[in-house]
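The same chain A turns up in both complexes below, where it pairs with chain B and then with chain C.
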Partner chain A sequence: MFDTAQGQILEFVRGRYPQAEIDAEQDIFAFGFVNSLFAMELVMFVEKTFGITIPNEELRIDNFRSANTMAALVGRLQNEPVVA
Partner chain B sequence: MTLLNEAPAAVAAAGSVTGPVTGPVTGPVTGPVTDRASARAFVDACVTPYANAYDRAGRVPEDLLDQVARAGLWAPFLPSAYSGADMDMVTLGAVHEEVGRGCSSLRSLLTVHTMLAWTVRRWGDPAQRERWLPELASGATLGAFCLSEPGAGSDASGIATTAVETGGGWVLNGVKKWTTGGQRADLFLVFARTATSIGAFLVPRDAPGVRVVPIDDMLGTRASMLAEISFQDVVLGRDALLGPSGFTAGMVLTGALDLGRYSVAAGSVGIIQACLEASSAYAAERTVGGTPLARLPLIQAKLSDMVTDARAARLLLAEAGRLKDAGDANTIMATWVAKYFASVAAARHAAEAVQIHGANGCSPDYPVARYYRDAKVMEIIEGSSEIQRITIAGQAERETTI
Partner chain C sequence: MSVIGVIGAGVMGVGVAQNLAQTGHDVVLVDKEEGILREALATIARNTRMSRLMGGPALDSDEVLSRISTSVGVAGAAKAAVVIENVTENWDVKREVYEALDAECHPDTVFVVNTSAIPITKVAAVTRRPGKVIGVHFMNPVPAKPAVELIPGFHTSPETVQRTRDLLQAMGKKAVDVKDSCGFVSNRVLMLTVNEAAYLVHEGVADAASVDEVFRSCFGHPMGPLETADLIGVDTILYSVEVLYEHYADSKYRPCPLLKQMTDAGLHGRKSGRGFYTYATAG
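Right after this comes the complex of A and B.
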């Protein structure tokens, strides 16, 4: 088990694609396996695991390029004030 | 045309198979549908006795759509803040199963409405949600899903409908085909090619340039009021676009189809259950040489497989629903598997149900011929069995390849 957001996201991606040797810095889109099904799974995983809702304007490719950029997005959204 | 809510003589005469004719659709309903039991009661009273008549007429009557609205069935999964009932997905699956047990055409109308309502809930901005969700929850606005085209079915990436961005919004051009509920729907969820990706657009039926042409006389789900819908220079506001653009735009389609597959899987379970109930009742009454069909081992084999597959398909559906309620990403593949298994099983058991009924099964006096035709449709819509096998095999490959 990983404690960090990067680690948890990496574990999820590696679980889906064990053949991909990937680290937190690598561009997952460069592997060529990101399709709409995996994108949906990835967004659902991030939202559920970290208890956030990703607004449409944050669903940008730059936010999902690597485990590190996704972790940064998670950190940003977790620190935003909750709007009732 | 107008369809009266009266069970024709042939359907009434077959009451022992289809259930008693309890009265016209306009009769009193006990209350909102909140779970499987209340859904079953609603369907048995208001849907099943008339489903063969709907099938022959090629449409369901407005009275039935109103009854569905009064029962709170159109989009009970929406939040109460938008006049929904906060129904969980496991329960929604059970409700759609019960509706599918009675009438696949009505279940099809629920399916496409569900796909549109869920998409607005998931991807709509606050203004879009406020504008549409209360009407979608109440059934005041009925939705339909426009993806397939004359030249693009399973190959969704091949769609030719275009949405061109203008200064103040969008201009839509193209033709959609096989749109379930298209003859009746008020609001269309249209997938169209943009400059960068495939976008999802909300298009009111009364927008200038929208033309609806009914498609009749289909093999199955004959009362689901299919249509071909053309869009000629349809001018839309900026707020017609739903969801993100760019790499995640495909997620809007993926999510909508996921809900569609979930509902179709539920409807397929309902068909298997309907086949079981019709066949076991017939086998108990019909005799051959003084022996009820139900005592014959070859008939028992068919019935036992119906029981087993109904339970297995129901469990797969419930697992997919549980994962949806948990927000678990594994729900997408679980829903593929449930839809694939349930639809194939429905087609198989509907064929066997006709076989058990013999010549009666081929007649309009029993419901199993309708189940047979409807079940075949389940193997094609929301991802054909072939596409599902490719996707499921892809899952196996990516999880096991080293």
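Right after this comes the complex of A and C.
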């Protein structure tokens, strides 16, 4: 089982694309077969799994390229003070 | 600017309403249940938020939603100058909606039939305004797709064609002219392809991922036919194939039993969380 954000994200991505070899650094959008619809699923998965709401200015493809960049985003948002 | 009626708040109606609102049009979105309309607005809020991530423009969800009002029942579209209908691809359902719209709307209101298969001339025949009925086949997801098929029916007037062209241009859409024929160009080819792809899975020749992989890796298509089916809706694919089968009375359109079973089982694709693939759902 994975208990880090990076591990949970990686497990989700690998589960969706079992035919690809994906590590934490892998730019998943560099694969021809990952399209922007999956980016939307990633946003929903990350928000639901980590109980965060990603602000609109962070909804950029660069934040979702790899398990590492997504885990970094989660880390940033979890450490930020909540603004009502 | 006068309001545009969008009938049906399913996948296509939601996309059309969002596209209209984000290009500055006032919209009244109509369906038969309050719950469907509430869900539709939530979907539009989510999709506008994701717009930039999906390669579209950065959108202000509140601004887009402020241009959309909702109504239960077609009477809500009575004042619309143009009505874009997006109800399910089932002739009995469509006929009932058009009879009701024809009674409610001003005689000058243009009816745009958003269909992937049903002949426009057949729809026009159940109204008292055949000159003001025209087909536009929008692609899914509507706000992201740059072009549509534009299909005048047998009696559609040149004025109706021009008004529709102007509206499409204002929505940022290129119109490809096509004659009225069941399935038009796109779905005569696409539905047979998806149906045959479903048969391959049904017969065990290949699984869904392998079928799609052939189209992506060998042909360079951005998506395979079964991913496309999940995006459009497996139930919608089935209804479209059934419409072609019924219209042409040609066995080449016989629907794959797997599509029927998936439709009955609620495996409708992305919108239901599961189709040929399983998806993470909102919430």
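For this structure, a couple of remarks:
Rule of thumb we're sticking to: the second predicted complex is superposed on the first by the 83 of 84 C-alpha atoms of A that agree within 3 Å, B and C clash if a C-alpha of one lies under 4 Å from a C-alpha of the other, contacts with A are read in each partner's own complex, and residues count from 1 in each chain.
In this text, a residue touches a chain if its C-beta (ideal position, glycine included) is under 8 Å from a C-beta of that chain, and two chains touch if they have at least 3 such contacts.
Given the structure is predicted, the values throughout are model-derived calculations rather than measurements.
When both complexes are overlaid on chain A, the residue A:32 reaches chain C alone and has no touch with chain B. Within the superposed three-chain model, A:76 lies out of touch with both chain B and chain C [touch as defined at top]. Contact comparison for chain A: of chain B and chain C, B touches the greater number of residues.
Shared contact residues of chain A with chain B and chain C: 12, 19, 33, 35-37, 39-41, 43-45, 48, 56, 59-61, 64. Chain A contributes residues 12, 15-19, 29, 33-37, 39-45, 47-48, 56-57, 59-61, 64 to its touches with chain B in the complex. The touching residues of chain A, counted against chain C in their complex, run 12, 19, 32-33, 35-37, 39-41, 43-45, 48, 56, 59-61, 64. Interface residues of chain B, counted against chain A in their complex, comprise 123, 125, 243-244, 246-248, 250-251, 253-255, 258, 326-332, 391, 398-402.
Chain C contributes residues 49-50, 52-55, 58, 209, 213, 216-217, 222-223, 231, 270, 279-283 to its touches with chain A in the complex.
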